[in-house]
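In this document, chain identifiers A, B, C and D correspond to the written order of the chains, with residue numbering beginning at 1 in each.
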Amino acid sequence: MANSKYDYVRGFEAPHHLLRDTYIILRLDGRCFTKFAASHHFQKPNDPRALHLMNASASATMRFIPEIALAFGQSDGFSFLLPRECALFDRREEKLLSIVVFLWPQYFAGETGGEEQRPFMAPPSFDCRATCYPHVENVKHYFSWRQVDTYNNNLYNTTFWALVLKGGLKRHEAAEELQGTSSADKNEILFSRFGINYNNEPAIYRKGSVQQKQQEEEHETAGIPKFKSKTPRKKEEKRTRKTKIVIDHVDIIGEGFWERRPWLLGSGN
Amino acid sequence: MANSKYDYVRGFEAPHHLLRDTYIILRLDGRCFTKFAASHHFQKPNDPRALHLMNASASATMRFIPEIALAFGQSDGFSFLLPRECALFDRREEKLLSIVVFLWPQYFAGETGGEEQRPFMAPPSFDCRATCYPHVENVKHYFSWRQVDTYNNNLYNTTFWALVLKGGLKRHEAAEELQGTSSADKNEILFSRFGINYNNEPAIYRKGSVQQKQQEEEHETAGIPKFKSKTPRKKEEKRTRKTKIVIDHVDIIGEGFWERRPWLLGSGN
Amino acid sequence: MANSKYDYVRGFEAPHHLLRDTYIILRLDGRCFTKFAASHHFQKPNDPRALHLMNASASATMRFIPEIALAFGQSDGFSFLLPRECALFDRREEKLLSIVVFLWPQYFAGETGGEEQRPFMAPPSFDCRATCYPHVENVKHYFSWRQVDTYNNNLYNTTFWALVLKGGLKRHEAAEELQGTSSADKNEILFSRFGINYNNEPAIYRKGSVQQKQQEEEHETAGIPKFKSKTPRKKEEKRTRKTKIVIDHVDIIGEGFWERRPWLLGSGN
Amino acid sequence: MANSKYDYVRGFEAPHHLLRDTYIILRLDGRCFTKFAASHHFQKPNDPRALHLMNASASATMRFIPEIALAFGQSDGFSFLLPRECALFDRREEKLLSIVVFLWPQYFAGETGGEEQRPFMAPPSFDCRATCYPHVENVKHYFSWRQVDTYNNNLYNTTFWALVLKGGLKRHEAAEELQGTSSADKNEILFSRFGINYNNEPAIYRKGSVQQKQQEEEHETAGIPKFKSKTPRKKEEKRTRKTKIVIDHVDIIGEGFWERRPWLLGSGN
């Protein structure tokens, strides 16, 4: 087809290729989630429906993008790890962001659908960022950072909502009471006032959700699974739709998690 | 909440702010659309259902993001113009891409839903890129580029499918026949062999779809509508949900289109 | 020559092309200049030798890079304007920075040379940044920003050093005395205590230095001089070495300066 | 000092911070070096004066920027390695480029000075680029890539100039004769026609120059030298001016070089 004199406008495009040979973490974050939660009458401090919906969406994303080695989610955020070798979309940032963000509402809306669906009332929305991490230790620290955040947020929220829902405090009173308290303080409030042993709360709330593909026998022996980026989509989809995703609620901080799953970080560095 | 020693990992993030005082064009493009079209038995060369779905999705996007001044769509692509003054998300590229890509499948899936929906069979997917254009003339040329592309593609496709569906040629034969032909040649093939006057084909196919918000009286006199970026979402949504979007299938190449709509490009230069 | 298996390392390079069709301003800034000034016994508040050396270096830079349309310098900084159309080094940021930074010390060292030169005692150093400005008004505002800075800094320094050198104050006492003072206050201090009418100070100190190429007759009538980027260096150098650079110490804030020199900003918008 | 309404122009600046925890390699490359060489009557194929001048400039650069762990130079190029931990200038690309490019001509001009200096006749010029390499292996491969390039270029040039200077061929004839020849072919031409055993050529020509700081006793035992980035310049300069730089012409391809100098790449991975 004939080109036109207007074609020069393509020269303004500035695609960004993420630095080669680094781990890529794609982090999806909710926007306006509080409103969405309110308008859907989410349970406080945690709504199992919402967490399972997030987890199901993440699993579907992992099936659709087989390059994803690991996912970690809590509340309205999910992080996806791509290996150092990842060549998907030639590592173009906008393409990588787009595919995750595009997939999410399909799964998400899919399960909130029907009568329940009120898409414009207080629509949640997600954005995604891509960050490069050069080393295995950076990646471990990244996931530790997310889980520490989960710990802190959930302990705070659990105590806050206990004070409000069971203690009869107004929200601003609960917030004031918790200002400056340590983790030990919050544990003590929960236990002494409400008889709640925080460590008995469901692990999904306290630790978040770790998702990974089940390693088949041959993978475990071979060490590192192959991530292919440019095989024909169709065939890959068939294969990956059968992939079993394992969801755990375990400690990801520390070396134990990674030592038991050496394939997650590839050949290391 | 306590920070942790892992917080340093945020330092690897490299958010990208698009150059100030430039027009931003967000272009959404379909991936694997051909397969999607095939599996949904789209009409050839153009499927009205698909085009109207694209247009409806774009209108909904324009209502949700009131900063969008203009949209142009054809086939499986849509371009959205943000004004020079746009401060949405502090012009962070990943946030701007995310919101468009996140909204799209909600509208898109919404109307293909029900029995028809086969989300995993040959899922279409869209990615979005953001490009800065410094000057009014660049923006005009950008939209001219898209419309020239529409002209060329649709004339080719119309002729190709006439040769296949009415002329009984195999696809590769039609492709060979069209190789090296001019626009005049294709018009002649359509007219002499199939009695088709190309200029009578629906304008939506030939010229694509231009979407803009209807200008109210005070706007028309005031010249340039104000684009607000940080007003409370909720109030804005109410206002904008009522905004009427006008869809035209007109020439956007040349000065006439822009001269009749001086508010589209703001204060100029 | 044979390629090697190591060539892949080039794939990590990420050259940055500055956005097309925007003005580029290269700003050179001194580092550790105070020390350099001290070790060379610079006069306070302004040392004519240093300013003339800066101006001479900037003129030489303008002769060597004929694309530069305008330069503005004050103290240890110099800004160079490249036109919207500039295609020098395909607008690669690192190349543009490099050429200015590489040229500078040659001129600079050249004239401080001889006995005086003590290159390692407290070496000054310069760094350069490149910034894109899309519009004529941004460019005017940029140079206004630099000149307002010149005004403020020089008034402060003139008053500070009058208090120290003529008023016998210690430096910290002078700094305390000036804290919170307005421009009018400083003018008053200079006049009432030291008999200095600030407006009679040399314009080079108060307004900085504006450099531009002398427009020949045909240029003035033709309006806009052509900037060529890829002509053979050698020929260009001969031509440009003859180019006369005009140095003024005039107001660049406001429209007057630009209206009298319409060729500086090219075809406008 | 009072801010002005023009300060907004700073918002267009887009400083680029190089990805944390990656090795940074700064590569200085000559532009128009051939002309410079010709106008200074450089010896062919290699001019010892020029190479020693490059080496001396690189040593001075290493003394001035103590963070540099290793340098490799050949012909008109030099590469400098900064360690993963480098925090110099907060890893701002433009600052890192500037300092190397600014230092170079001072040393370079310094030694070509006097009667010899003809700065504008065919001025050489250098530009510098910064590239991030995440892993030890990337860094080793980078330097291997440079040395393979040195091997190939020098063998070619040695043979080419032997054909021209000793064999009486015109330049285009020599170029034609060498087209498509292997390394073995070139060795054979040198030996059979000109009695030159290429392996007896000076190592500085064949292998380039490797520069590193001499490790003192305590460093060798401690393993990894500390690189400090923000200590007061002055003190650091004194210390580093005494630093002895070692220049070798050895194989850097392969593991041997790195195994004998474990401190060069820091804590590894």
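One rule holds in what follows: a residue touches a chain if its C-beta (ideal position, glycine included) is under 8 Å from a C-beta of that chain, and two chains touch if they have at least 3 such contacts.
As the structure is a computational prediction, the values presented were derived from the model and not from experiment.
Asker: Tell me the fewest steps from chain A to chain D, where a step is a jump to a chain it touches.
Answerer: 1
Asker: Return the chain whose centre of C-alpha atoms lies at maximal distance from the corresponding centre of chain C.
Answerer: So the chain farthest away from chain C turns out to be A.
Asker: C-D or B-C: which has the larger count of contacting C-beta pairs?
Answerer: Result: the pair with more contacts is C-D.
Asker: Going by residue numbers, if over half of the contact pairs line up, that's a repeat, so tell me which of A-C, A-D or A-B repeats B-D.
Answerer: A-C
Asker: Distance from the CA centroid of chain A to that of chain C, rounded to the nearest Å?
Answerer: 49
Asker: From the C-alpha centre of chain C to that of chain D, how far is it in Å?
Answerer: 30
Asker: In whole angstrom, what separates the CA-based centres of chain B and chain C?
Answerer: 44
Asker: Where in chain D do residues touch at least two different other chains?
Answerer: 12, 14, 19-21, 132, 138
Asker: Would you pull the chain A residues touching chain D in the complex into a rising list?
Answerer: It comes out as residues 19-22, 132, 134-138, 268-269.
Asker: Along chain B, where are the residues that touch chain A in the complex?
Answerer: Interface residues on chain B, with respect to chain A: 1-2, 4, 6-10, 12-16, 32, 35, 64, 93-95, 97-99, 101-106, 109-110, 113, 119-120, 122-123, 125-133, 138, 141-142, 144-145, 148-149, 152-153, 156, 183, 233-234, 237, 241.
Asker: Considering the complex alone, what residue numbers of chain D touch chain B?
Answerer: Residues 11-12, 14, 17, 19-21 of chain D touch chain B in their complex.
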